[in-house]
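Residue numbering begins at 1 within each chain, and the chains themselves are lettered A, B and C in the order written.
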Amino acid sequence: MKKYSIMIIICFAIITAISSYYIQLAIASKNAVSFTIETTSGDKKEIDNLMLQASYQSGDSHRQLYITKDAATLQKRRSIISNLNTPYEISKYQQYFQEHRNFMRGKYLSPGNFFEDDVRIIHTTAPGNGENVLKGNLLTMDISILDKKSNDSLSFDVSTTAQVSYNFLLVNNVYADNGEIKILATGYPSNGGSELHLYTVDVNKKTLLYDALLAKEASDVDTNSTIKTFTDDNKYQKDYFVYMIDKYKRQEEGAPKLISSQLYLYNNKNNENEKLTIPEELAPKVDSLLLQGSEIFIPVFSADDLQLNRYNIEKKQWEKPLHIQLASDVLNEMVPFLQIANDKIYISESTTGGHLFFIYDLRTGKSLYEGQIKQENGENADYTLCIELLTEITH
Amino acid sequence: MKSYLKLVNFEINRFFKLYLIIMALTVVSQIMGTIIVSKGNMNYINQVIYENQLSVSQYIEENRPFSFQRVVYSEWFTMPIFFCMALLMIYVFFIWYREWFGKNTFIYRLLMLPAERITIYFSKLTAIMLFVLGLITLQIILVPIETFIFNRIVPAEFRTSYPLIDFYSVEIWRWLYPNTIIEFILMYGIGLIVVAIIFTAILLERSYGLKGIFSAVAYSVLSFGILVAPVILSSIYTSYFYPSEILLMELVTSIIVLGSAFWIANQLLKYKIRV
Amino acid sequence: MIEVNNIQKKYGKKQILNGLSFTAKKGEITCLIGVNGVGKTTIMKAIMALTPIDSGEILIDGQKIRHDSFEKITFIPDTTTMLPTMKICDAFEFMADFYKSWNSQRAEDLLRFFKLESTNRIGNLSKGSLAKVNMILGLALDVEYVLMDEPFSGIDIFSREQIAEVFTSHLIEGRGVILTTHEISDVEHLIDRAVLIDDGKVIKQFSVEDIRENEGKSVVDVMREVYR
């Protein structure tokens, strides 16, 4: 037996070390850093289904956390196997993956590519996001329609001849009604600039009816213009979308100067395209515009106040803005986290007193919930927590 | 089975001297590196404090404290890892070729042992895996020791903790120590299959000479291609296959590739090998 | 009995073995005779499955060679089959570990007979001593068949006498021995059968004693006749 001693020692050491490493890792994952949401006031039920995705940093430790009302905080660790997936955050589509497994295969995962109503789910994309389509060649749109009741799906594609060569063509919005599908897409031609297309497809005939060029901006030596689209990421049935065209003039030194900026509102139901005027004091903040249902919000943060300006699309008027009191002792001049969903306003701020979390009613501005994101156990007292996204979890 | 264990033991004892040397080099380099990096940083900090007449808390306010991560990123830490990997890669070939070349022709004895010849193949494969995992183990043992030394040199005010769970941010660590034990088995399983492919390729060369080199290369490329086919498939048809499906496909291709590596090696060793 | 039936082997473009057949019986010492490069070593290796044959078959006691055949047959090549870093005692330990048919007592006896030290390292031995160690590694196994490749080549005369002594001793009795040599005069008085090989074939195989008694010829005489 003596001559086997080395082999036995090596095997023993390997098994001991590796198993203790992974046991320790599993324990550490559970106990290392954990946050919970502690209710200060309001209805506890508000946070029942919420999950906050946050990045935690302390010293040289960087972690991605998922915080829920339960004490245990999950951590997300990028593993080699998860790289087999698309890197995009897929928790939004969990329900789709569970219920419509085959339909979801190979679908480009971006909210703008999906449409859902009571009876069907529609997905549209340009193959490879229109990568490197050459002028004169066919530009194709792949369309998949799933009947939710029967679970049958139908796929077809429509094509048009590309007028220019594109670097990319990204679908921003899909809307379906009256046997037609309207696809809003931004194309980026290879020689610069951007185009905003609205493709109308006849579902029954499976053909492309119109290719409307809503906006086309080019860049030349002096000026540059950009098109930006704003869509409602919360719903898959979007009646409206907003787009903005900015024109810049190149400066000799420094950043380009903004010459003009114009907002447009498109109504999918009646195909109306109208210009939107924003009050002048809101113009600098227009980039943070949020579209929810039939309302447009422009949040403006000041020292201890959030002014949520609202435009009612159907009434075509700017309504009285909501004012929400914020904490005054904000840390590090960090911009508060703001997300509008489920007819509620979710805000989180890092203050000297801790990480505060608020929920307000979107209609009335009334406070529905107030709480604090507290560290349960952690090694360092000195850390920064940055909330990135709020999602709903289905149990 | 008994012959297998005896041969594994034999292979381990043969290489053990050299193995101890590279382990010692790793230990020395990493411990020295810990001391040098820690002391170096402290000397710099002390110099800054002295020159600017700062108090400790003043320094901390201006500059962030540092952690053991500095040691992990240094060459003292990473070079031995790469060096050991390179050496083991070479030994994957050398473990076979040493039986034919040099002053010994030990291959005669191996092939004339009263045991299935594939046992030679399995024992060498096992030995390589044990050597790799042994080094992995060494690193696991070293980290707490080095952290201890680091904590002794750097006073508490100037450092933050860097627990094992955060080592994940270092690229090389992510590959050597995957997230979960399941991934660990998968990763090193793939590694084992790669070594098996190389072994069979070597046997092809040893059995057929010059023609053998071509067939060895062709065989390796084909095997490796089949092995990674599911992964390549998933990157071409992005998100068409779900991870569980890709894993299943990978399991199937792994079994096919490993099985054929074993089968071909067995045929070669029994009927085609030349001394 | 070892039967070699009609084996063919090509090496590159050269047809080394071209329908070669012979037999070697237990209890006899058979010698393969031929010029350098005719393929004697190749035949030995082929019997031990140390090199492949293109066609034909080789049977040991009516069976194709298997892994446990190596407890019945052994091969003493003209190179060492142990690691140069091993001491002789390590080599013996290795053999004892793997072979049921290893006879440690006989190995010790032979070691003393050849006047070697068990603490000598194999890599440091002279050619003669190496040949002796090789012989021990083969003969200390209780096998039925022993194949020896050029047991006397490059050995000094005293070592040669020692080895020749082994041949006539009880160590060889009852076993089937095949050996090769290109120096027939060394072994003529030791062997029972001669197998003359040329051009990849067996030209003549005969009993040495019969030829001497019936035709009054020595092996060398027969060779002269046949190779002209």
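Here, a residue touches a chain if its C-beta (ideal position, glycine included) is under 8 Å from a C-beta of that chain, and two chains touch if they have at least 3 such contacts.
Given the structure is predicted, the values throughout are model-derived calculations rather than measurements.
> Based on mean C-alpha positions, I'd like to know which chain lies farthest from chain B.
For chain B, the chain whose C-alpha mean is farthest off is C.
> Going by the contact definition above, tell me which chain pair has the most C-beta pairs touching.
Top of the contact-pair ranking: A-B.
> In terms of Cα-based centroids, which chain occupies the most central position?
B
> Centroid from C-alpha atoms only, then distance chain A to chain C, rounded to Å. What do you get?
Measuring from centre to centre gives 81 Å for this pair.
> Averaging only over C-alpha atoms, locate the centres of chain B and chain C and give their separation in whole Å.
For chain B versus chain C, the centre distance works out to 45 Å.
> Using Cα averages as centroids, what's the distance between chain A and chain B in whole Å?
Between these chains, centre-to-centre, one finds 40 Å.
> Which residues of chain C touch chain B in the complex?
Where chain C meets chain B, its residues are 45, 48-52, 67-71, 74-75, 77, 79-84, 94, 97-100, 123.
> For chain A, which residues are in contact with chain B within the complex?
3-4, 6-7, 10-11, 13-14, 17-22, 24-26, 28-29, 32, 58-63, 77-82, 84-86, 97, 101, 105-109, 379-380, 382
> List the residues on chain B that touch chain C in their complex, please.
3, 6, 10, 14, 102-106, 108-109, 111-117, 207, 270-275
> Flag every residue of chain B that touches chain A in the complex, lowest number first.
Result: residues 5, 8-9, 12-13, 16, 64-69, 130, 133-134, 136-137, 140-141, 160-166, 168-169, 174-175, 177-181, 183-184, 186-187, 231, 234, 237-243, 246-247 of chain B touch chain A.
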